[in-house]
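Letters A, B, C and D name the chains as they come in the text, with residue numbers starting at 1 for each one.
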């Protein structure tokens, strides 16, 4: 990539900015990880009790209104998750622009901070200061309310979405189903924003988005059923606990149908998140900006916050269901228990392992986030009838087939567990080989561009 | 919107009427389409032109013959060389001037380079209109390099004003020939990269293949020309069939649509004809650079030419189809009448009749595949 | 959590539920009415959660708020009725009949409930409302209605397509 | 878990659903060529379902949610017969209008499956689902010809009011569940209380709508008139049979289990409903010159007579007599009304489409002088009219006689008197058609020839009506044998 230059009036400014960037780049992830690891597990009541008892030296039962303390802890954990979503969303916005620029042989944002790292803060501030316009003739109340539905749908998902062994706000019995359900807030928000804008393009986009999301919920639901059948639970943590740390213990490899289901889910999530090649709802070249054409300022920022925070959700859901979640290779449930120690408040090693599990989860998720970004900047958009065809004629039948196959497969696996082990290894080996071939082909394609890269800056 | 267009709408409430433009990301300039849709399917799209009308033909009657040359740049700012050349040839015919060989070669080179830049924009925006953003950037990257070359040749990146009555303005700068040859090498591999990236992309082929098919007969009836005509399978190219300038000296092929991704005459054919034409342009430029004769840059032309009364027409193969100038002289130093027949204007005419039954997303593909440029439509 | 927090939560869910239910009836704009219904569904889901019927709560959200109401809104928005088409607010005789009928219904239900009085509630099992428990009961005790529902949905789809088709 | 026996008992229902699926798939895979096979397939599946009835084990199914007994078997037979006859009618009617498609028969089969299930249901939840399967199919059938305004309008009216009735039924079921802790009809045993009474009355309202009892009948004339004639015939025969089957079960369960009995609270309501329905149905039918509308009001009136049978069945002393009377009436009415609608289908104005502005499409004057032009058709129509009026020797007479006998057995003399008087009133408007056919000169153009399948349907229906009229014993014996298990 071409080098980028800074031209600041005073040398001190540059140093300051570099420092700020580095500080932010280190501090923000550390802050997020700390928030997640220390605050979120505290929602667990025994853990919080133990913390108050052993670290603060109080007996919670003697307090006035103990349950409000628990409620406050819950609230704090919720705030932590929202902060996490907002900050990752912001960083993803910068990251996607940099990746897009790299793909397009551009430089991308590079003015605010080193490599433009603080660009997302600048953008957020700019958008907050812009006028919050409501078009005349728009249904002002619904127009104002619509973005909150969208944000609520995204935030509520995070409640049941794990990020580590004990890092989940609420390990619901209906976990993954809850995630599917609260996502429907987003549809309502989109529909409202499109209609209340009183613009034909907005309505067009909203209707496309709704048709798309409602349709793709079906294959997504079917694909989710495959790991659910394999784990025998809907709880997100239960799903992860049913998998293992090594790749061949992941659901993705344990069952050929699960691999298919992974791709069905991934495609459906792209569609539900309105990402290319399914970005029909905000198709710039057709619908201007789709359902949020008329939005500006703060509310516009909310849509984009959701769009990028959604990246994390796409990756995290797929990781949870198919890629072993936070499971650390070689660390079993017994290890977790022994590291935790006998005391009611866990020992240091347990907290350290939480960090590791968070790291593993984040790496897998971020890999999928990268894939989503690559796809977005590579593929054209499909047409609405093609999108519907793909959903109803291919993904839904394939989802059914995968589900039925899994039912049979579970019986076989119970009858002869060795079959599952062998399959896992075979599928894993096949995946490695396919990845290797893909990389080779990519190398070849790159080398086919015979001419040397031209320096754009001075030619 | 103009009353004229409104009068043509017989509306019933089942359909939604949308103004597709004049401010719209994929109208390629200031165009408007009145789109009647029934859900995603269009009943029809009525083009509403004139937003970029600048009286260029009338201006032609006000200025002297050489003074009009910079105005021709504005007829089609993406392919200004052709507008230059067409006007120059028309006036030369009026004055009965023979253009020197070297100037003819330089005209061919500049025009073919311009054809490549124009087609790069066309296919790049086409990919963007279909939803892939990256290919546009690749196309523009290649075009920037080419613009550098054209800037070195004539001092401008967009409105070249390079051709003169009787020849061209400047000779090749030193070292320019090698830079062009180096660029053409790069272009050939870029086209391959382009094919891998987008032309063979399954989604792209599905989006364009079989969409908005213009049959051979329709294309001829509606007066389509250039790549749009050849996309419909008509083997017609003025450079070969009604040769002018230096073109008889070069050997090249004329790509014709043959249903690469579906039916002959669909959007993909029109798109891919352009991709192939870039390679042919490269071939022509190589030959021209190789055979470049020495000689004068311009013929002897007076500063204030006063042609005899009469009328002429010139036809050239522009990037957007046949560009024809019709000039009437009354013996003074200003034209009595100047008229430009442009490819985009003719292409706009077919949209209303092809659009019924297409989806809204297909309209975007149709407009992009016809490579309509607003200034050329309105002039 | 103790009883008091639960009570507070109950009121947090119940009051807006009634308010949005009233909004459905009172709203003149059909989109506003539909949105009130959506919000009523969400509050109702909250009450289900309070009753430890988690699965039911989220089924409620995904099916009603997520799918049915979205399609409903879809249609209402596409119709885009103007004020003129919606008609003026008039209390015609038929409306009075409706009011009287609704009042009668209210009296009937309230008096019936009042007469039957508070009854001892059975304590629910630990797995009450869990996916496992609901699934077990659906596939044993309610197997026949459950499977018959699939026929019902199929009929609904076929019927909708037949009715909506432009020509036979 | 369901046993093989449970599945075997459900076989009629399953066969009808299978038939619907086969017909839908046939439309996908056998699109080319004629569609004559579709009505044939429908009849085959109806016949198979009917044939499965005698083999169904007589037992309580699925933990008491449904029951397979003689009563349900009889209702299944009636529904299947109605389905087969209306499929024959549908074939001719749809083909001449070039709108024959697999969906029509699939929907009819689905509707029949709902009716069969409703006949077996002893659980409010299952009954609700069955009612919805039946109703949704019938709504769509009513809207099936999308030409003109009338069918969609009729279907829409039916749909809105029907959904409202379903909602009331559901609300009643919820109160019922609140009172008893179960949706099973048997859960009423020992129950009582105001909540149960409220629930039951709401359920009754819902069911009264489905059987078109006054004052919940308002939809009937418009829907019967607007729906395509074969669909109307199927609707009149099948929906009535299934809804009455469940109503009978419900009333019997209530009488057995609760202090509410006929004669005091709800029975009085039922009696009032019966009287109103008989009187109002017949009174409104009197001035109708539109034969289709007249038949609609007639079907309301018939619901009144059936209610009399249900009331009789609710009394312990006339239980067996009452239930068998209801069954006989349902069978007789189904055959007769399909026959009548078949003749009407032949006679109705074909072009332009039956729509607003062509109210005379079914005017009685179209029948004028039919006897001289189409003596057999006129003869069949006369038989059906006489049967509807309850004139011997027809099935209608047998049905009315058994209902009134049962009511007399229950000592419900008031109902008997009202029933007989209104029947006599009914003779007037039924005979108007006969008079027009036999005693008035022809005014209209030559009526079109009956398509062969419709002719078969008319012939079979007429034959059945006459045979039952002359020797009612097999039918009544069968109905008596069809025991109702609680």
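Everything below uses one rule, namely that contacts are C-beta pairs under 8 Å (C-beta built on N, C-alpha and C of every residue); 3 or more make two chains touch, one makes a residue touch a chain.
Note that the structure is a prediction, hence the values are computed from the model and not measured.
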*Taking each chain's centre as the mean position of its Cα atoms, how many Å separate subunit A from subunit C?*
32
_subunit B and subunit D: spacing of chain centres that average the CA atoms, whole Å_ = 73
*Return the distance between the CA-based centres of subunit B and subunit C, expressed in whole Å.*
61
*Return the distance between the CA-based centres of subunit A and subunit D, expressed in whole Å.*
57
*Make each chain a node and each touching pair an edge, then name the shape: line, ring, star, complete, other.*
line
*If two chains touch, include that pair; go through all of them.*
A-B, A-C, C-D
_Residues of subunit A that touch subunit C when the two form their complex_ = 67-68, 70-71, 139, 142, 172-174, 177-178, 180-185, 187-188, 191-192, 194-195, 203, 206-207, 210, 214, 217, 233-234
*Name, in rising order, each residue of subunit D that touches subunit C in their complex.*
1-2, 10, 17, 24, 61-63, 65-66, 99, 101, 103, 106-107, 110-111, 113-114, 117, 123, 125-126, 129-130, 132-133, 136-137, 139-140, 143-146, 152, 155, 175, 178-179, 193-195, 197-199, 201
*Contact set on subunit B toward subunit A in their complex*: 16, 18, 24-26, 40, 127-134, 137-138, 141, 144-145, 148, 185-186, 189-190, 192-193, 196-198, 201, 203-204, 206-207, 359-362, 364
*Which of the residues in subunit C come into contact with subunit A in the complex?*
1-2, 4-5, 29, 31-32, 35, 38, 54-55, 58-59, 61-62, 65-67, 69-71, 73-74, 77-78, 130-131
*subunit C - residues contacting subunit D, complex*: 108-109, 111-113, 115-116, 140-145, 148-149, 151-152, 154-156, 158-163, 165-168
